[in-house]
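Dropping the structures in below, format is structure tokens.
Shared between the two complexes below is chain A, which has chain B as its partner in the first and chain C in the second.
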Partner chain A sequence: MSPTPEWADPRPARVGFDEWLELFERVPDDLIERYHYYGDSEAWSKYLFPPQTFAIYGARHLKRLKFDNSLAALRMWGFVQNETERLFRARQTGRRVIATMGDLGAVPVIVNSFPGCVAFYPDCIWWTPFVMESRVLFDAAAELGIGDATCFSRAALGAFAKHSYFPDPDLVIASTGASCDDYSGVEQLAEQFVGEMMWVEMPMRCGMGPMGPMRHMLVREYERVVERMVNLTGHQVTDDELRQGVRAANRVRKLVRRLRELASRHGALAALEMMVVEFGNLHHYSDITEWPNVLDHLLATAEARVAAGTPVVSGDALRVVWVTPPADPLLLTYVEDAGARVVGTEYVINQALEVIDESKPGLEAIAESFMAASLIGTSRQRAESVIRQARERQAEGVIISGILGGSHCAMETRLISDIVKQELDLPVLEFDVAPPSNEIGRQLQTRIDAFLEVLRSRR
Partner chain B sequence: MELIPRATFEQIRSQRVEEIAAVRRQGAKVVGYFCIYAPVEMVQASGAIPVRLMRGGHAAEEAGERYLRADACSFCNACMGNFELAPAYKQVDAVVSVNTCDMMRRLPESIERHFGIPVFQIYMPRTSEPLPHRIAEFRRQLGRLAEEQCRLTGSVVGDARLKSEIAAFDRLRGMLRQASDTRRMNGPLLSGGTMLDLAATAWLLGPVKAISLIEEVLRMVAARPRPEGRRPRLILGGSMLTEDDRWLLDLIEEKADIVTDILCTGTRWFAEDVPADGAPLDRLARFYFSRPCMHRRPNTDMYKYVQELARDFRVQGLVYKTLLYCDPWNFEARRLQEALGVPMLHLDTDYSIENREQVRTRVEAFLETL
Partner chain C sequence: MKDLLTPRERFGLLVIDEPQDRVPIFPLVTAHAARVAGIPVREYYTDGAAMARSQLVAQETYGIDFISFFSEVGLVAEALGSQYVYPEDDLPLLTRPKWTDLTKVDDRLVDPVRDGRLRVYLDAVTYAYEARGDTVPILAYVPAPFTTAQQLVDQEAFLLGLLTEPERVKELLAYATRSITRFCRAIIGAGGLPILVDPLASGSVISAEHYREFALPSEAEVIRYLHRYDLDVVLHICGDTRATIAMMAETGADLLSIDRIEMADAVAGAGERCRVIGNYDTSAILLSDPKSIEREVAEMTTAGKKCPKGFVAATGCEVPVDTPTDNVRAFVRAARQAGFNPDYGLRRIV
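Moving on to the complex of A and B:
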């Protein structure tokens, strides 16, 4: 069943931290030795660490989650959790480390087209792993003026201030424009910690006329990025290299598209792992070389499960579409434990999921792909994406999770909820997630339970 | 004693809303707008009546929470509420909205959905560096707005008319600057509260009537002797303050003088004129693009603006009033205080009326420290 000859995955299941650790202990040493980041084979570039390593280094939230018990998933978590170390190694080995903030998917494609450059998202300190069971970064952000009534993205500001979660970047490319205020504010305040910040405009996709001119403007912005990168690296990037960058990004996007299909139609992977997979499209966890290999491994596992008819999430589970930000790992775990499965997602990162047109010049293709972003559009457009996915997957309900104080959550949640209810006649559950270090409150548990009960009663 | 009682301004505004309602009944179109980035000259040039939708208020905020979440900024909630409550809002046929912040970017959808009022949304780049392609896109947006205005009113926005309206609004901005500048002297006769009222009345009256009013106010200032004694000179900043926040200014000015501000409902509305060279649409694009605000990235120009004002008006303290969940202004509080180097009182509240005594205590304590 497993695609790795010297290893046989146990029967697919979601397991707790202790079982996950036991699983790791059974992994043969030569498998641990096999996986390396940055395409290296040096001893330091291994990343298949035991889960307890991440917990010891602060990711204690992991103890409360449930994980896919495949080797591929174990590998994925090892790779993702290893990102901080990887970024410092990048610096040590002479790579240029470029922070790409705010645009969620496009600028890293350009940066990764430059040899020896690593694009990363400071956002990921809070966003994808979402597992720091401490207030350290929030407290650091509060000292700089951003307090609790703000989206959790403020943790990125704390990370800049601490200088210990990623190396001080060679360049920070901060995208703003039609972005959320919280993150734009974080970028502005982070400027004091970086030598130079390059600001990139993201247009708003409003109803005023054709999109062509906006795309044209975005291409000009990307040309500025290229120019800045050329100045930084001394490398004159060619259109061929940009196309290669697009192809590399597309390889990931195609893999993720297939994984989404297998997960949503067949329950081949659980929502928690799929969230990590989807967010990997933003910046490939700072390693465009190894991340696709991790995804290949996951895909082989998922396909094997479908072929064997052994999903990790029951096909009979209640089908829900999840709208965020943020999808909290604890909540995803809780909802799946309670008998639901996530068959569609609108994580405001759809632009990173779309395959980029490889027949067009690189920057134009990237800009065209980005213009479809949920991030820069209207709430109605997000609602339509939810409706489309819900119809395709015969969803039985929609969950909208937000953040108290998150600027667009406050304005969007009710609109999306109203539109979905009106057009689909589906139950919608809206709530705000607690800060990452908190347990799920009893009240919220009860609301989720009641919501799922309603979905069951409608069958 | 106040130069012009608040009630007088309220009466003028109330009469103006009645006038607007009357001409609207005869077929005129009324276009509401929110912020200083809306090209009011273009609205006027299309033959529509521009009305700035700049009301807050506790009752409106509560009413608005029927449509938006409580953690939407108070102003957005009050906007929604005021479409139910405020007479001026009820006259609005269409709204021009600019994506200044995330919440204002998304407010139009709620207005259209719940009140059926069409909103013309203009995209203005948030990045402040005036690169040609950014200004070109903003100019294109203004061109689209001209077409939308034409569809609404049936009148083409021609260059000659636009030029004439630019000149009219420049005159109005100039007059407001003149009024505001009287506060450079010690013992200013024009209070911060009166200045806020004057601006709020001016954008409702339109250039011609507003200029007459300001001229009258300036005559009154010139005729009155300056008070003796010195009081702390303050600069006011933060999220937009509206006529409904006048109580706060009155409270502060019991013991201090608000000599200038960085408000979008204050000096930033009239700080500069439209550049003189070029085609009218190009001039407007450059003018509005270059206006400073905390939400622009980077917001260096905003800091330059506030530092110059603080120096020129010799301010001794900053009262920084933000609305709950107004991120662009809230996030900058600490940094702004460091940049100005004067004591700051930061009030972060919604439009509640229950906390006014607490605010009074904080204001009084702050003023004692100056």
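Moving on to the complex of A and C:
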């Protein structure tokens, strides 16, 4: 049954900005009024708005992307694009806003277990310069000492300096250790703009075997997080509440796992929407209550498509695995337009995709799931994840979109590429994502086109 | 003093009720931009690229917080069939309204790409958006139904009709509203934020009763349409709005741009519901000297900062075409200084 009987999605397609303007004109007022974040009913908490709304407020890239034409996708985009305002409203309505940085997926599970607390990742601001086609945040970061040779995540530093992309957090929990060194630098410089920064050590995963001492170290770190949160909120969190937090995170993770399956096997959702979905596992776009409802809606849409045999991306498209998230979302639109589909991803957030073991005590289970993290192990481990997905989904090629300075190993792209070529005999395309622009450079277009032509010729 | 925020970041905070690094500054530089850019006024309002370039130059020259496209209130009426002449160095003049009396309306709807000069605005918005849309809000003034209606019908017949043929007037307003919302949609598609401008609904032209009966409902309808897109809507009514300021807030507008009304009265009438944009005297910015302007704008800004929902330091109406640039610079200088927020961005110690 459709979750929205008053609306019938058009035949699945990826559509441009102008087409969504036409579609939105047909969306009934009742639907716009229906969806609210934070379970609120205030006018400001509505979020079912089209890309045009956010383009007018500066998100220029939206004019160039292609979007899924379902209501569920519209809802997802509206929800995600609305996050800055949502965080400010969180503060205005008395919630505590906690910035979590660097670990990509674990600490928010703890934070969200505390009533009235909202976790978010400033890290995700790295998309903002691309979405706005703007250097503003990079320039702000450069003034503070981090220039163009550093990962795009330096945009987060610019955002801290400006105090206008999220409210000044009540607490910043910054993870460091076996992770991206560039981002550790960003975190260090951000400290000057925050009231209090708590540092959490992330362990290195030394092999694929038992993680005993490392996991215990992480549990101790998480105990410190709990203690700090108790001090901040005055709320003594119980193990039951932590388990509840784990269950809430798992609800999202299970939904996303199913969506990944439907997208990779059946083309039920396109790569752009799926990237947004996967990254929602980090902090649920600052609303752990509403984000699962958005995912439910997407899942109902995807399942209906599979049942009807109407995918949004053709089953004949060339199957590729994508390694490292493309900071520029236009790359995904371009590759799909050129006749490929993404059947697997290694977006450095494996720890957020893992379903957490609900039978174990909360912190222990969270720590265990974190040990799957992409960035705390070796390049070979990442490559093995790519190989596994490529085999499972019969990928025909692998795309690795590197970020200058944005990896914990300067040779990572080459290492993963070599291992994949060696073990799978698949063509691999490697490139570094260019700085924000209103188009993909000609040279890169040609390289992508040629790569896909090679894949086609191998069929 | 270097700004911490871009105009877009500043406006973004204003509309979600958050403090900014300083008050946004918005002397209503419209056709005056042609002077700043050194082109004839006619070129400004007949060529979208020229209009955009002029606004970009003016925005950069003065350091103001918005780019705003406007030439005159007949824009939609012209697209619907009223006739205008274009003097070489002055604004368009209405020569023949579409109808001489309140006859029955037709079923015409504007085509924003083909009719009149609507395309000029769309081209200008597109151009400016690509050039500076990441850092500066791009605004496009759209004449409201009540004002547009007075450009479609002989004005005397229209005003008489408010008393003798109110239903015909309402039909005409509905007719204008349909085309106006269509034009708004095209602006939205181009990346611009429509501003509703209704100068002929001012207390200088009609009574408060007529405002409530005729102008308010049609303004509200356009605003409802824009709220479907979650846009923050500015309603600009210049002239005397003392008797209607509270009603202006009833339209649902998020920001009210005001002219001849005491700031304290505007804040009392609408300040709890709307951000206030205003309201330096445009005669003064044309004729006064920079020193006096600085003093008066500082006073205005200091008073405006008390508006509970937020304030934008602006002129009450358009900056006259021939305003000396030094006067506009003085306005901006004073508003920056008086509007500075020393508490912005201070570390929040928990």
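The definition used in the following text is that the second predicted complex is superposed on the first by the 440 of 459 C-alpha atoms of A that agree within 3 Å, B and C clash if a C-alpha of one lies under 4 Å from a C-alpha of the other, contacts with A are read in each partner's own complex, and residues count from 1 in each chain.
The rule we apply is simple: contacts are C-beta pairs under 8 Å (C-beta built on N, C-alpha and C of every residue); 3 or more make two chains touch, one makes a residue touch a chain.
Here the structure is a predicted model, which is why all the values come from computation and not from measurement.
Colleague: Answer with first, second, both or neither: which of chain B and chain C does A:E439 touch in the superposed model?
Modeller: A:E439 contacts neither chain B nor chain C.
Colleague: Considering only the touch criterion stated at the top, classify A:T413 as touching first (chain B), second (chain C), both, or neither.
Modeller: first
Colleague: Using the touch definition from the top, say if A:D148 reaches chain B (first), chain C (second), both or neither.
Modeller: After superposition on chain A, A:D148 lies in contact with neither partner.
Colleague: Considering only touches as defined above, state whether A:P203 meets chain B (first), chain C (second), both or neither.
Modeller: Touch partner of A:P203: chain B, not chain C.
Colleague: Quick check on the superposed pair: does A:A178 touch chain B, chain C, both, or neither? Answer first, second, both or neither.
Modeller: It touches chain B, and chain C stays clear.
Colleague: State whether A:I32 touches chain B only (first), chain C only (second), both chains, or neither.
Modeller: After superposing on A, A:I32 lies in contact with chain C but is clear of chain B.
Colleague: So, A:S164: does it touch chain B (first), chain C (second), both, or neither?
Modeller: So A:S164 only meets chain C here.
Colleague: Both chain B and chain C contact which residues of chain A?
Modeller: none
Colleague: Quick check on the complex: what are the chain A residues that touch chain B?
Modeller: Those in contact with chain B are residues 144-146, 149-150, 174, 176-182, 184-189, 191, 197, 199-201, 203-204, 206-209, 213-214, 216-217, 220-221, 224, 378-380, 404-405, 407-415, 418.
Colleague: Within their complex, state which residues of chain A touch chain C.
Modeller: Residues 17-18, 21, 24-25, 29, 32, 44, 46, 49-50, 52-53, 55-58, 60, 63, 84-85, 88-89, 92, 132-134, 136, 161-165, 167-168, 170-171, 193-196, 232, 438.
Colleague: Quick check on the complex: what are the chain B residues that touch chain A?
Modeller: 67-69, 71-73, 76, 99, 101-103, 105-107, 109-110, 113, 120-123, 125-127, 129, 131, 133-134, 136-137, 140-141, 144-145, 148, 295, 297-299, 324-325, 327-328, 330-335
Colleague: State the interface residues of chain C toward chain A in the complex, per the touch definition above.
Modeller: Chain C residues touching chain A: 4-6, 8-10, 12-13, 16-18, 129-130, 133-135, 137-138, 185, 188-189, 191-193, 228-231, 344-345, 347-350.
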